[in-house]
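Look at the two complexes coming up: subunit A is in both, with subunit B in one and subunit C in the other.
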Partner chain A sequence: MENPKPDLGRSLREFSADWNSDNSRVNRHGFAVLYRKELADHLESRRFWILFFLLLIISMVSLRGALNTISGAASQASSQGQSITDFLFLALFTTSGSSIYSFSTFLGFLGPIFGIMLGFDAINEERSQGTLNRLAAQPIYRDTIINAKFCAGATVIFITIFSIGLLFTGAGIVISGIEPRAEEFARIAIFLLVAAIYICVWLSISILFSTLSKHAATSALGCIALWLFLTMFLSLFASGLANMLYPADSARATMMDAINNYRVRVGFSRISPYYLFNEVTSVLMNPNIHSLDIMSTLESEYSQIASYLTLGQSVLQIWPQIVAMFAETVIGFAVAYICFMNREIRA
Partner chain B sequence: MSDIIIHTEELVKQYGDVTAVDHLNLRIGEGEVFGLLGPNGAGKTTTTLMLLGLTEPTSGHAWIDGHDCTRESLAVKKEVGYLPDNVGFYPDMTGRENLLFSGEMNGLSKEAAKSRAVELLERVGMTYAADRKTGGYSRGMRQRLGIADVLMKDPRIIIMDEPTLGIDPAGMQELTHLIRELSVKDGRTILISSHELFQIQEISDRVGIFVGGRMIACGGIEELGAQIESDEKLYQLEIRAEKAGLRREEAEELLMKLVRGIPDVRAVQRTQTGMIHIDAGSNIEAQLLTVLVGNGFVLREMHERGGDLYEIYRKYFEKAGEQNGSTDNRNGNGESQAGFGQKLAGILR
Partner chain C sequence: MSTYGSGFITRVGKVLTGAALAAAVAVSSLFVTLPVNAAGGSVEMSTSYPGISTKPGQDVTFDLDFDNRAADGTSVELSSSGLPKGWSDEFTGGGRKISAVYVKSGEQNALVTYKVTIPDDTAKGTYNITIRGNQSALKLTFDVTDEETGDSGLTTDDTTQEGPTGTTFSYSVTLQNNSAADQTYALSAKTADGWSAVFKPADGSNDVASIDVAAHASATLNVKVTPPEKVAAGDYEIPISAVSSEQNLSATLKAKITGTYGVEVTTSDQTLSFNANAGHEKDVPVKIHNTGNIDLSAVALSVTAPDGWDASFDTGKIATIAAGDTADATLKVTPSKNAVSGDYALTVSASNDNTSSDASFRATVKTGTAWGIAGVVIIVAVIALLMGIIRKFGRH
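Then we have the complex of A and B:
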């Protein structure tokens, strides 16, 4: 133990020697082949296209609904000589119609299903087909299998989200005649990126379930149960917990209690990627919103100057949410990875 | 013998309390066909998985062509083709596409993979079904495609796990022939695990008998036979005889009783096929015939047994059973082993 100082040069040389070694080359080649096969499998599968067209149709319907609402509000506003917002194009993504949800809400709801669809049978299907041991006997490291599967799934998610998002944008421009400004474009691009990360959370969770459970049906049901819980019921648990810790509605409740109650509720809700995604959407797609914290919201009622947040400041507000979603993806995948590496290959 | 290419040293694998492989020392020479013979649950599959680096041994080491199987699994996997038992393919891809995928995984270019797939499909006789989806393949077809799949890699060493399980006799013969050819024509080293004695006997140069995780005997078939004979003198006969006026069961009962009365007879038992099996310490044929004729029996069939792998196996198996104690039932092997012996008897006839 005489050399505690890390030798960067040597580490780099070792890394490059390892990276360029024959075995690494062979492994990378295997990864590429497997990745391409997985990608082709996804893109050729019927369930992918069903969900893709479902998302596409829904996005077009929600665009229609948003346009109705906005044109109604706009004509009302212009009759009073005002405009509703400077970021009219962004409103297309977040405004709901009279009987239909907005695009961002739909993405928040159906995105997880898309992610689950891509991953729930990743490992157990190979196992039940008897292809896993054949695959593992090819000249690749074992983790290459799960890595390639995750990368292929994530690629499909990015392709899907960006193609649907851009189709939505294009259709929005053509139908509404509103021209998005550069900043709006940037916000849309970041929004789509975050949506893709949000769906990747569910991809990694579903891959985890597929390594844990033997049957594809079990893993699909497990994923859907978790999705329902995190999307629908976690907020109930959160408010229950908050009310237990800081009862805010009793006569003796102080202002502090109310604030703490809120913070516990929100903090607990933020476990759910769905909640995080909604927070990101609300800030990113509405520059009017300055902060997500209750104190600054209270302050703003009295002291805030009515202005729009710049893009950089909006992103700064939601940076923790983005990082949290990224972390959830990484944790889900890491656990799946460890489980997969420790499982016996044999059926 | 030529160079040792597969080598294990005190290889142990434990699953909880169960020892699946118990201090295995194995040496297999290049170009050899080695048969791992043993009942289900004897640790054959575990051994093959450890050789491929797909399962980590609890202790001990294994090397293939100088590469440590656990630490340098990639180097090992480059040279070793593995045909798992009940091999599976991607059901939505055709047989040819499955082969192309394997070929590309092993670094072949698309063109090279294509031409090799054509050649191999022809060799295993699967050209007619090459462009059908593998989801509709029968077991025999899958197994043959599996051999083509292994050969896509052009491996020096092939490890096969129960390659003929569940295949009809005609298909089995074809497959056996194919496997033998891989060794003789191509000079590949083959490690084949099976409980199908007959097949092992036909294919293998050397055999290792595996019971309860331990290799209890290893060597060429003649060698094994010689080992047993030196242990003790044993004559084995199987007879079928009838007596007019008696039902079959009654006749058998009486016959067994009579045979037991002959000096030097050690054991008498009924076989699955309705014969009576006799173990004796000396040649008792003459006495046996006298007894039969004297009691009014008509001899229908009589075989002398011994010298084939079945007997060798049975002897080793019995010995291992004695050492383990007859009540020892670990892995639930006891039952399956008893059934196994009977099944073997059936196969050999």
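Then we have the complex of A and C:
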């Protein structure tokens, strides 16, 4: 960054020398030890298992609900001589039952709680128990502590999401008897990956809160307040702002007003990772959705031939959302990192 | 009661008949003084057209008129002489074969019909027959004009038919057998390569290769001629023949193939779909194929695209496309900037004054990967930022 024209060979050599230095070796070893310890802590903790089984039970219940809805819709469609969608298996993930949310909705709601649970006491708990001093006294770089904590949390998230997602898939195949196609498997894999990134956003936010606040309870409450706001109330703020800027329900409102109103509302809502995740889910799990842009959708409504988007095209539609979530994770972690490094550890 | 009644009437009838016979005998014995022979000389037999021209195998009839100038009727014996060998004749009257006729006083026309049957193998020439009625003689002259086979022939009313390529021609052909014997004709048509001709009796439903025609009868045939699919315009002749053991009849059917106009819009690999990026021009090579057998001139190309799209051809009208040839054109399509990923339909049509054709193209719009690359750049920048932060804050 400092050098506008970096000499790649020299930087690589420097990096290699740095990488192989004794300090680095010790640090890597320390990182591995810390990472393993953090992972073990998470996997042995009671609250992890409570949340894991909560997610598992909820996913199975939502599968049941989705199956009821889909079999009803399928028999209705076949009795009317209509064909069922080609991507029936994907519908298991997004179809809600009569009294229960769909799997993807549950992930969108409860995933953040899982991420917050993993990170809200990452730093301040160590500090309040006085173990941070001891850790900092080890022959490791100081940032290794927060790096290892984040990596262990992210690993737990990936393990959890993929195990629950694959259990859901397997149970779906066994119970429904639908054979997923290769493209459906690919879409499910990408969906689970995005869900994991989405939860990592909350992991990095909760780690940030844990570095900022002294008490674990404060950071937990702060995280949950932010989660509630972004998940529940941001949409209200967004529509309020949009209606203020472009009143769409007045008698003088034009088509352009309605479109601008919609755009402001959506643009404001996209601050929330929850909204981004829902957009990703809707496009990824339904190849019939061609675009998230209101203008394009309006324009293409009549001229387009009904067809499915290919996987690559679907991913391109939601690529900005994925990038945004990834960037939010990295930036959240970077801020937490800076805060952690600037904090005085020694009491 | 009834049996008794009928027996009584029969008996009465017999008595009455006996009485009448007795009376008749008495009356005839009263006039017996008039000589029959003397009265016979006064009867003259004649016919309106004693000389007749005819053909072998035909029946000739003469109506015989009688004129009895005597006051009394007389019986006339009828006979014929000089009948050529193999000929047969007969006198008929009142619907029956007769040998004598009773001629009442006065003129009586067409009292007797004389019928002569001329056998089929009669040679050309003049024949005479004399018929007699008592003393009156009548000489009949037969001029047999034609040979045996006569007018047997294969004729058609509509020898030349006209139609564009792809037309099936149907001719009505009459097969006349004027010979004395029934004939079985083998039917055939000499067609060029790719042509086909089938024969069907006018009253039948199946195609036939041969047909029986009774002596002196005719049969009507439908000949269906199918030209090859890609036949060039021009005049064609289809000789057809009906051959029996004794006869060889032939006729020529004529067909005039007029040109057909046809055009087809396609691409070099026959696929009518292409990919395009929203807002970016895409060149689609299109081939205009002249499927007819006449050159096409001034072929105009047009395209219908969804709203907001820009679609046009680089060329204006194509001046000429020779029959069977293909012309190239390039379709320039720019999907709308806001076009959503997915499939769209475009209709390309080629037309001139004579013909036109449409082809529906399917355009698959793909979102450009430019923003995808921008996303990757953002991710790389964010990671670089993190690395920079780690360098700056971490390892000192």
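By definition in this document, the second predicted complex is superposed on the first by the 341 of 347 C-alpha atoms of A that agree within 3 Å, B and C clash if a C-alpha of one lies under 4 Å from a C-alpha of the other, contacts with A are read in each partner's own complex, and residues count from 1 in each chain.
The rule is short, and it goes like this: a residue touches a chain if its C-beta (ideal position, glycine included) is under 8 Å from a C-beta of that chain, and two chains touch if they have at least 3 such contacts.
Since the structure is predicted, the reported quantities are computational estimates derived from the model, not experimental observations.
Undergrad: Figure out whether A:G177 sits in contact with subunit B (first) or subunit C (second), or with both, or with neither.
TA: neither
Undergrad: Looking at subunit A, which partner touches more of its residues: subunit C or subunit B?
TA: Looking at subunit B versus subunit C, the one contacting more residues of subunit A is C.
Undergrad: In the superposed arrangement, does A:Q129 touch subunit B (first), subunit C (second), both or neither?
TA: A:Q129 contacts subunit B only, not subunit C.
Undergrad: Quick check on the superposed pair: does A:G9 touch subunit B, subunit C, both, or neither? Answer first, second, both or neither.
TA: Once the two structures are laid over each other on A, A:G9 reaches no partner at all.
Undergrad: With both complexes overlaid on chain A, does A:H290 touch subunit B (first), subunit C (second), both or neither?
TA: Only subunit C is touched by A:H290; subunit B is not.
Undergrad: After lining up the shared chain so the two structures overlap, which partner does A:I140 touch, if you call subunit B first and subunit C second: first, second, both or neither?
TA: first
Undergrad: Subunit A residues touched by both subunit B and subunit C?
TA: Residues common to the subunit A contacts of subunit C and of subunit B are 141-142, listed in rising order.
Undergrad: If you look only at subunit C, which of its residues touch subunit A in the complex?
TA: Touch list, subunit C to subunit A: 306-309, 336, 338-345, 362, 366-367, 369, 371-372, 375-376, 378-379, 382-386, 388-390, 393-395.
Undergrad: So in the complex, which bits of subunit A are touching subunit B?
TA: 23, 26-27, 29-30, 33-34, 37, 41, 44, 129-131, 133-134, 136-142, 344-347
Undergrad: Which residues of subunit A touch subunit C in the complex?
TA: Within the complex, subunit A contacts subunit C at residues 1, 141-143, 290-291, 293, 295-297, 299-300, 302-305, 307, 309, 313, 316-317, 319-320, 322-323, 326-327, 330-331, 333-334, 337-338, 341-342.
Undergrad: Tell me, which parts of subunit B touch subunit A in their complex?
TA: On the subunit B side, the touching residues are 45-46, 49, 52, 54-55, 73-75, 77-78, 80-82, 84, 86-92, 101-102, 104-107, 146, 149, 153.
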